[in-house]
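Following this line, the structures themselves.
In the two assemblies presented below, chain A is common to both, partnered first by chain B and then by chain C.
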Partner chain A sequence: MATLPSKPIADDVSLLVVLIDTNPFFWSTSSSSLNFHQFVSHVLVFLDLIVRLSQLNQIVVIATGHNTCDYIYDSSLDTDQVTGEGELPALYSFVLQRLEEFVNKDEKLGAKQDGLSEKRVSSLLSGSLSMALCYIQRVFRSGPLHPQPRILCLQGSPDGSEQYVSIMNAIFSAQRSMVPIDCCYVGSHNSAFLQQASYITGGVYVKPQHLEGLYQYLATVFAVDLHSRSFLQLPRPAGVDFRASCFCHKTTIDMGYVCSVCLSIFCKHHDKCSTCGSVFGKAQLDAASDRKRKASES
Partner chain B sequence: MNNSEKKRMNGEAEEENEEDVEDEGRDAWERTYTDERSWEALEEDESGLLQPIDNKAIYHSQYRRRLQSLSAASAASRIQKGLIRFLCVVVDLSKAAGEMDFKPSRMAVIAKHVEAFIREFFDQNPLSQIGLMIIKDGVAQSLTELGGSPEAHIKALMVKLGCSGDSSLQNALELVHDTLHKIPSYGHREVLILYSALSTCDPGDIMETIQKCKKAKLRCSVIGLSAEMFVCKHLCQETGGSYMVALDEGHFKELLLEHAPPPPALAEFAIANLIKMGFPQRAAEGSIAICSCHREAKVGEGYICPRCKARVCELPTECRFCGLTLVSSPHLARSYHHLFPIEPFTEVSARQLELSRVASKTCFGCRESLLTPGTNKAGPCAACTKCKQYFCLDCDIYIHESLHNCPGCESRRITPAAASVTMS
Partner chain C sequence: MPQVRIIAKNFMDMVAALPAMKLDILYENPFICEAILRSLPPLAKKYVTQMLFSEGSITAKLLEEWVLPDGSTKHRVSIDRLVQLRIFTESVESGRKKEKSYRLNPTFQANLQKRITTGGVLPREPMPPSLTGRLPSLEELEKYALEQWECFLLHLINSGQAEKVTSFSPSMMRVFQRGLLSQSKDPKLTESGFQFLLMETNAQLWYIIREYISNSEERGVDPVDLISFLLELSFHMTGKAYNLNTLTDVQRSTLSDLADLGLVKLQKGRNDSWFIPTKLATNLSVSLADSSTRKQGSIVVETNFRVYEYSASKLHSEILRLFSRVEYHLPNLIVAAITKENLYGAFENGITADQIVSFLQQNAHPRVAQRTPSVPENVTDQIRLWETDLNRVEMSPAHLYDDFHSREVFEAACDLAREWSGLLWEDSDKMRVVVKAEIHQNMRDFIRGQRQ
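Coming up: the complex of A and B.
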């Protein structure tokens, strides 16, 4: 496009897109010391902190639900804010109200489904990541100067393996646009997808050990703008597991066979690829004519 | 005026003649500006700064045309994409490459854009390899061997940039044929020739070489910088490649980058095979080992080959000692969007948007208003065929070119029952 590339306003002005996990299946079964109500209160104070750090900072909040995702709050819009109820500032009451509306909507959408077979129920992280990236692209287009964008995922739900391809697409797109994806994971076991996301895009992944002090982790690690990160010692990943899992047994393998047509990974040598149906070792045309011959014979 | 009156009475060829009569007084360069005075379309804002011309609509229609042609081509027959590609880039450095119709010279423009192309190519095809070749003084030489590291190719290209002599297409094809003959059968063999000359000086019969390449299943494409040549067109038609001639620098860059995503490959071109690959773990922090690529001791930060435990510095690569291809799962994941592409969005006219029952007319992805600024009328937008959400034109382009995920479809949970209904 024949437009000039837009420049960041200043070193310390940031646009923070926060993705909050509201998956009811995770929050109702989590055995940790943090419940959803406390979690939201930690996050709200953190959002207030970001807004106070610089007048030009912008925040966008997107909720990741179980059946849908939606924008909750955009600090650049002059919305008719709900006036502060008693001691709560307008920001808090607005976000709380919108979150409640979102959770009700999410629940209604889920009521139409029959039981769920999966024991580990994931949230729609790929949807909110895609929406965040579209918003960031809009900010890049908005004018000659823009704040420096970054994405913060507050996730607790486990990874959904059906979202692998979409999440990886979002990660590569973020890497190209140079948008770091940070993650503060409040669930039980580490999330491999988010660890890879932070590693590939240059963000920070933290799994806090003491969830009662969540605000401390958020304020010390994630409140800092991108330029100042070079002056800080931020938590480094202990080890990111890049091994692949085979398509047949879902076990992680460190040596395997890859189909040259569809790139599916197998742990043992097969004659036929179960994903794309290509027969190995034979030219495709011969394989197709063999199949036709067999079909006509039978 | 008498002349033109007479001609008017003579019939329909009048209008053209009238214009010619008027234009006779003007020079050729003036005539090109009679209809289009692009400088009159410029506007200033309040502070006197020039406002950019709104090319959005033109850009978007160009993009849609490109998308339609791509999807039509792939839907036409059962075509797969060749994901593991072995591409030879042949740069013509004969005397014609020193011409200055592309500023500063054709050679400099080619070098700059080939560097960008190599980076884009490895970004989209992490498992593929490139080899660089040049044609100079009637002989073809190989600059770099087939390899997967972009830096090595770019460094080699920037060093040798002198042009002289004639160009020989047949020698280039022979060299490429010998190089690509040795690669494994599951790879797709491709050649991209950047041809500036208008002739070719061959030692033998080029038609035989073209037939040889066709039998070896090489897909040859040519991008010409001067004019269309029959021999290039014949080569591309026989081997199934594409032949384009660049009009200017911007067009050349576009044509070159079109070769970065995997082309539709006919199923019989490459034999499907299971390739043994290793997925190395990262070496522990602080461990000291001698790396196999630089032959010096390094601390931490490397990967360990699962078969022979040698240390390598970066992925993807081939282990130097045991020959195992080493990749990490994100490298494979980079190519998955070619296998699961999203469908193009349908265009929604302003009228349809107004009639639709959507409450807030905002783009689902970026929440930008879909109404034309300043008015209350809806502007053009696009809608996804599966989730029926509306998106603005810029999000449409971003989603299809970079993100490869539709936010609307990703924000819905499809139950297995519903999924089977949609699949059938």
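Coming up: the complex of A and C.
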């Protein structure tokens, strides 16, 4: 018997979770033609566009800071319908105000930990990705009717290799729940994490060549709903940096040791796996070099 | 969603059919630009957003390059719609290549740009609470809207159950009923009328609005004014009061009709009077696109063919009455039984089993909606079986042959009919055979040949 499949409201209604990078280290040093102010204004227009494309479209904005991340805006909550002061629409003034609060909070948190933390310049992408996925899970569970979710990362700061494990976990859980992660990387070098995220989840990775036209990139590539994507020519990845980070020193490596039990990655040979505790035998490479050394001694 | 033929797929077809000059007038209003943007097919939306901030035109070839081969039909549909709505203007370059190129309608583009970057103000400001006093809450408003709408529907189907009277003139009512009720002395719901009742509210609303607009010229109202006012109305905020003074005379008279439909609530204060848009009004532009909105159902069907509907509405009981026997009517509950007699009645009136089943499924109570299937299988199967019972006899034009002069000829004729797969019946004792009308010519030629 035909049963009603759990189907989203319509093919072209989307739930867009946008992660905005507010990392002060990146934005203060970014030498590119785009400063934070311009960046935000491009993004705001884009957000407004998404909401206007369909009344059922929903957006959630999450700020990715240096020390923390937080929900900035959720269009499904009626934010007491403040009519915008002056010329700006309500959405703009609300998001701007919340962003400012967030940046201040982030700064305070940073000041507190200043002594403890080392020179870390990446932002807390793993945190905001997890928050986005949690939100999407809640939407999935809210009932059979829900818009099609996708995540858009607007990232500028370099990868924090210490977050490798948690980011990869987030990516795989996104893949499992069929949520594509789109990335628009505005930094100077490509981000290996985000390239992998888009590649694995079937999203789109774009590194705009002309940052002053960021809005055009956003509107052209990321405003398209998931249904229409299937018949559009979208930017394809030129090459994905698949390198992993090791679990012990969090450095990106080309070649390393993999635990045969839990697949943890290490850059150096260990006696015991730090993740699952399995005991390793002597590595071939080391054994060979040992023999050589012995040979030279004798 | 019951497949309903009586409703043209989209309200926008009507807008697209407007003459060019009137469309240009429509686009001078940024709200209408936005409403129209929302109604576009997804690919068309993409083209508009992409070209929104770029000046100049784009060649058709370049546009096509964005689309994969699979999507070329969708691409063409989108482009056609954009050209139809005059959002795209087509120009053919006079050069030797004769390339087609498109550009956005400048008024549309400018208005949409303004709307997105600066938001723009609502067509009219809501009145301050100091002037209006306490306004109805959103729940009250929704209840009011549904009551009005149901009352209107009850009138529409000429049920004696309606308590209030609508202010629609009988002639107006007749316009709405055209196509839904049979035009005899004792009006009865037609097939499409039944389908109309089984549709969801938004689709019903658009059907009525469409009739209302297409009838507007007879009443001396410009359809463009009506369309723009209706689209504008959908951008007002639900539950806020808006002063009637800000409206033109035409709009005010329209508004009293809309109040009858439950789109707005009219209220009078000491000095001013105002209108409060309800959810029905603000959802108007949502339903422009083909997407359906969520609606919570209230029907539980049990395996013993009992139907329970948790609703106090008379309209619901009228709808249930279309295909089942209503047994009790409690204050918040209608109990009905699906019986063979009632279903036969429904089938005779042109409702199909699939429509009934999908209606039951769509309106399933949230508790049972979680289950699969939401309507017990034995019930759905039985409904379908009863329907096929009615279709037991199939008619097809045929020809009967008898008086064959020899058994050989008869056998050969039967074989021929079998070869053409047109044999319907044969009786070898009395040498009679019935074949489909299509192969009559071949049979006749064959038998004539045999005779010689």
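Criterion: the second predicted complex is superposed on the first by the 229 of 298 C-alpha atoms of A that agree within 3 Å, B and C clash if a C-alpha of one lies under 4 Å from a C-alpha of the other, contacts with A are read in each partner's own complex, and residues count from 1 in each chain.
The rule is short, and it goes like this: a residue touches a chain if its C-beta (ideal position, glycine included) is under 8 Å from a C-beta of that chain, and two chains touch if they have at least 3 such contacts.
Bear in mind that the values here come from a model prediction, so they are computed numbers and not experimental data.
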Self-check item: Partner, of chain C and chain B, that touches more residues belonging to chain A
Solution: B
Quiz item: First (chain B), second (chain C), both or neither: which does A:Cys248 touch?
Solution: neither
Self-check item: Contacts of A:Val40 with chain B and chain C, given as first, second, both or neither
Solution: neither
Practice problem: Please work out whether A:Cys267 is in contact with chain B alone, chain C alone, both, or neither, and reply first, second, both or neither. | Solution: neither
Practice problem: Report for A:Phe231: first if it touches chain B alone, second if chain C alone, otherwise both or neither. | Solution: second
Quiz item: If you stack the two complexes on chain A, which partner ends up touching A:Ser278: first (chain B), second (chain C), both, or neither?
Solution: first
Quiz item: So, A:Ala223: does it touch chain B (first), chain C (second), both, or neither?
Solution: second
Practice problem: May I ask you to decide whether A:Val103 touches chain B, chain C, both, or neither, giving the answer as first, second, both or neither? | Solution: neither
Quiz item: For chain A, which residues belong to both interfaces, chain B and chain C?
Solution: 1-4
Practice problem: Could you pull out which chain A residues touch chain C in their complex? | Solution: 1-4, 9-13, 45, 48-49, 52-56, 81, 84, 87-92, 143-145, 215-216, 219-220, 223-225, 227-228, 230-233
Quiz item: For chain C, which residues are in contact with chain A within the complex?
Solution: 34, 37-38, 42-43, 45-46, 49-50, 52-54, 65-68, 70-71, 74-75, 115-120, 237, 285-286, 289-294, 361-362, 369, 372-374, 377, 380-381
Quiz item: Which residues of chain B touch chain A in their complex?
Solution: 52, 55, 59, 80, 83-84, 123, 127, 186-187, 267-268, 270-282, 284, 306-307, 324, 328-330, 332-337, 339-340, 363-368, 394-395, 398-399, 402-407, 410-413, 415-417
Self-check item: chain A residues within the chain B interface of the complex
Solution: 1-4, 66-71, 74, 109-110, 113-114, 117, 124, 126-128, 130-131, 133-135, 137-138, 141, 163-166, 168-173, 176-177, 196, 200, 239-244, 253-263, 265-266, 269-270, 273, 276, 278-285, 288
